[in-house]
Amino acid sequence: MIGNNDLPEPVAAAAEGAPLPTQAEMPFAIVEGEPVTEMPRDLYIPPQALEVFLEAFEGPLDLLLYMIRRQNVDILDIPIADITRQYMEYIRLMQELDLELAGEYLLMAAMLAEIKSRMLLPRSQEASLLEEEDPRAELVRRLQEYERFKLAAENLDRLPRLERDVHQARAELVGRRVVRLLPEVTLQEMLLAFKDVVQRAAMFVHLHVAREALSVRQRMSEVLLALADAGLVPFVRLFRAEEGRMGVTVTFVALLELLREGLIEVVQAEPYAPLHLRRAQKPADAAAVEEMTVTTVS
Amino acid sequence: MEQMQLRKVIEAALLAWGESLSVSQLREMFDENERPEEAEVRAALAALAEDCAGRAVELVEVASGWRLQVRAEFALPVSRLWQERPGRYSRALLETLALIAYRQPITRGEIEDVRGVAVNPHIVRTLTERGWIRVVGHREVPGRPELLSTTREFLDYFGLRGLDDLPTLAALRDMDNLGVQLDFGTVMPVPEPAAVAAVAAGDGESAG
Amino acid sequence: MEQMQLRKVIEAALLAWGESLSVSQLREMFDENERPEEAEVRAALAALAEDCAGRAVELVEVASGWRLQVRAEFALPVSRLWQERPGRYSRALLETLALIAYRQPITRGEIEDVRGVAVNPHIVRTLTERGWIRVVGHREVPGRPELLSTTREFLDYFGLRGLDDLPTLAALRDMDNLGVQLDFGTVMPVPEPAAVAAVAAGDGESAG
């Protein structure tokens, strides 16, 4: 018995189920050291080759197709008696050799026997012309159906495919960077979040619902920024004439609010001198105060 | 962006990425304010494909987009770079794959009906692991068998844009049309390959 | 083998391999009887390097051999292919941002007073990095907490001319369905389809 591992490549390929080679120069099997370049013409197959031979078939339909093709007969007009006899012979050989015989092979044998017996029955000419189907019809249909997918598989195998026929072209990218996309937010999303937080907060603390002068809040931020680096800034410089009365009012209210919150200080060198603004100075000894506060609290 | 530059960026992207990229993926490389239109990208791709004439690589469209690939004519020397040869696939696997590709969605039982043998579970596992097939549902019959279909990776691997690109399935012939007689002795010649091809070409059956 | 053909095989090999190959690796692609000399390979490499002028790739010699690499000038657009899909900002972040917008200048402590939970430092960092908020000063109380305000970029991103374009708190409160009743007019940036879906999801969340 020849194990697959010991076989030269062509035989191993056949055993793996590669398409059966049709060229005469390719050995189909190696039997007792001699290459077998053709499928056996008759039923006698050296037992050592039979296993390889049968393993090359993808089931009973495949075996039948092979026998039909080998006899050069049209699939639509199978000499059923002949084919059945050969098929049975293969089955018998397989059983004699103790090959593991898939149940499908026996099922096919039964089907062939049934077709054969039906074809032997006498039939009137009218009947065969009218309704009665050729007993082989179902078998022929299955054989054809199988054969077209057998062909389709061969065609698929011939398509240029990755790894074997074509390779994806790749090249390293020099200086690749990490690019992170930032999430998108809509104004609506933010407002909904705000509405939510306000509603929640309303359950705990009293929030004044008076019209929020947002322009004042914006101006407060702007004034704080303006004072950030400059130190002392003349009071008048914070007002811009081109903003008109409304703008002046907003700035003034913003300044009052900042003063009230203790965020800025007004500095006047002497009475009637120009007013200057600066950010609230931290207490002389902030650390000490902080410590004190902490002590007080605790 | 001028087309020449766009073409180079696309070539750079395809080579750096090393796999196929769709037109929309290519467009997303650019900031919104300088993002090329789809038509511009397609024009640049067409120009790039022409640039590749006579070069070692070619630009092809597959299911998931466009890719640059080394031409098949260089497959032999190039494949020697790898110690291992790419695996060959058994007939059983290829037949099973072909049935799933042409008849999808299909159950194992339906595959068995055509092939006449039980479906090897190992084959289904291999095909699934390769990402070529996947379960897309269940047939609502007793046992609720899985319905199998091919994937985009399958199409990509075989260089196909879609199932329509699959080779046409051979036609079925009808016994009645040939006026078959119940004559055991009749021997008909096997059709010439050319005749088979003609039949195949005439078959309008789609791959879907 | 003529040099032009050798050059193409080398290009094919380098692009298929995707990494550097040594001269001897390149020579080993060929059968012994047609294996090019080292000098021939080097000449072909030199010619290939010249071919690459003006193309998206360049041929460089590195320690382990030669490789074709995508030129650095394409790093920026091409790097975006790997960019991660943006996540979504958390509810906590949006609430914090909104509170800073409406109550600026505001300290973390004050945000905490309204939200009832500590401000996640990660949120403040994210908003600062995004350029939407900044520290405009310190409250002169023990600890000198930072005062946070929104920026011009914040206004620009949301298409606002000023904070006044935000609906008032009172107006917000009365609204059952923000999307329907608020006339955002020109103020709203046109939402992307994805953003619309996100709003819809957010809506459901707030209703619950």
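Annotations
Per-chain numbering from 1; labels A, B and C assigned in written order.
By our rule, a contact is a pair of C-beta atoms (placed from the backbone, for glycine too) under 8 Å apart; a residue touches a chain by one contact, two chains touch by 3 or more.
In this text, all values refer to a predicted model and were calculated from it rather than measured experimentally.
Taking the CA centroid of subunit A as reference, the farthest chain centroid is that of C. A summary of chain positions shows that the Cα centroid lying nearest the centre of all protein Cα atoms is that of chain A. Put simply, the C-alpha centre of subunit A and that of subunit C have 23 angstrom between them.
The distance from the centre of subunit B to the centre of subunit C, each centre being the mean of the chain's C-alpha atoms, comes to 34 Å. A straight line joining the Cα centres of subunit A and subunit B is 16 Å long.
Multi-chain contact residues of subunit A (touching two or more other chains): 167-173, 176. Among the residues of subunit B, those in touch with two or more other chains are 12, 15-16, 18, 57, 68, 70-71, 78.
Looking at the complex, you find that subunit B touches subunit A at residues 12, 14-16, 18-20, 57, 67-72, 75, 78-79, 86, 88-92, 94-95, 97-99, 101-102, 114-118, 156-160, 166-167, 169-173, 175, 178, 180-190. Residue ranges on subunit A touching subunit C, taken from their complex, read 167-201, 204-205, 207, 209-212, 214-215, 217-218, 220-221, 224-225, 227-228, 261-263, 279-283, 286, 289-290, 293-294. On the subunit C side of its complex with subunit B, the touching residues are 8-9, 11-13, 15-18, 21, 25, 28-30, 55-57, 68, 70-71, 74, 77-78, 80-81.
Across the complex, subunit A meets subunit B through its residues 13, 16-19, 58-62, 69, 71-77, 79-82, 102, 104, 108, 119, 123, 128, 134, 136-137, 140-142, 144-157, 159-173, 176.
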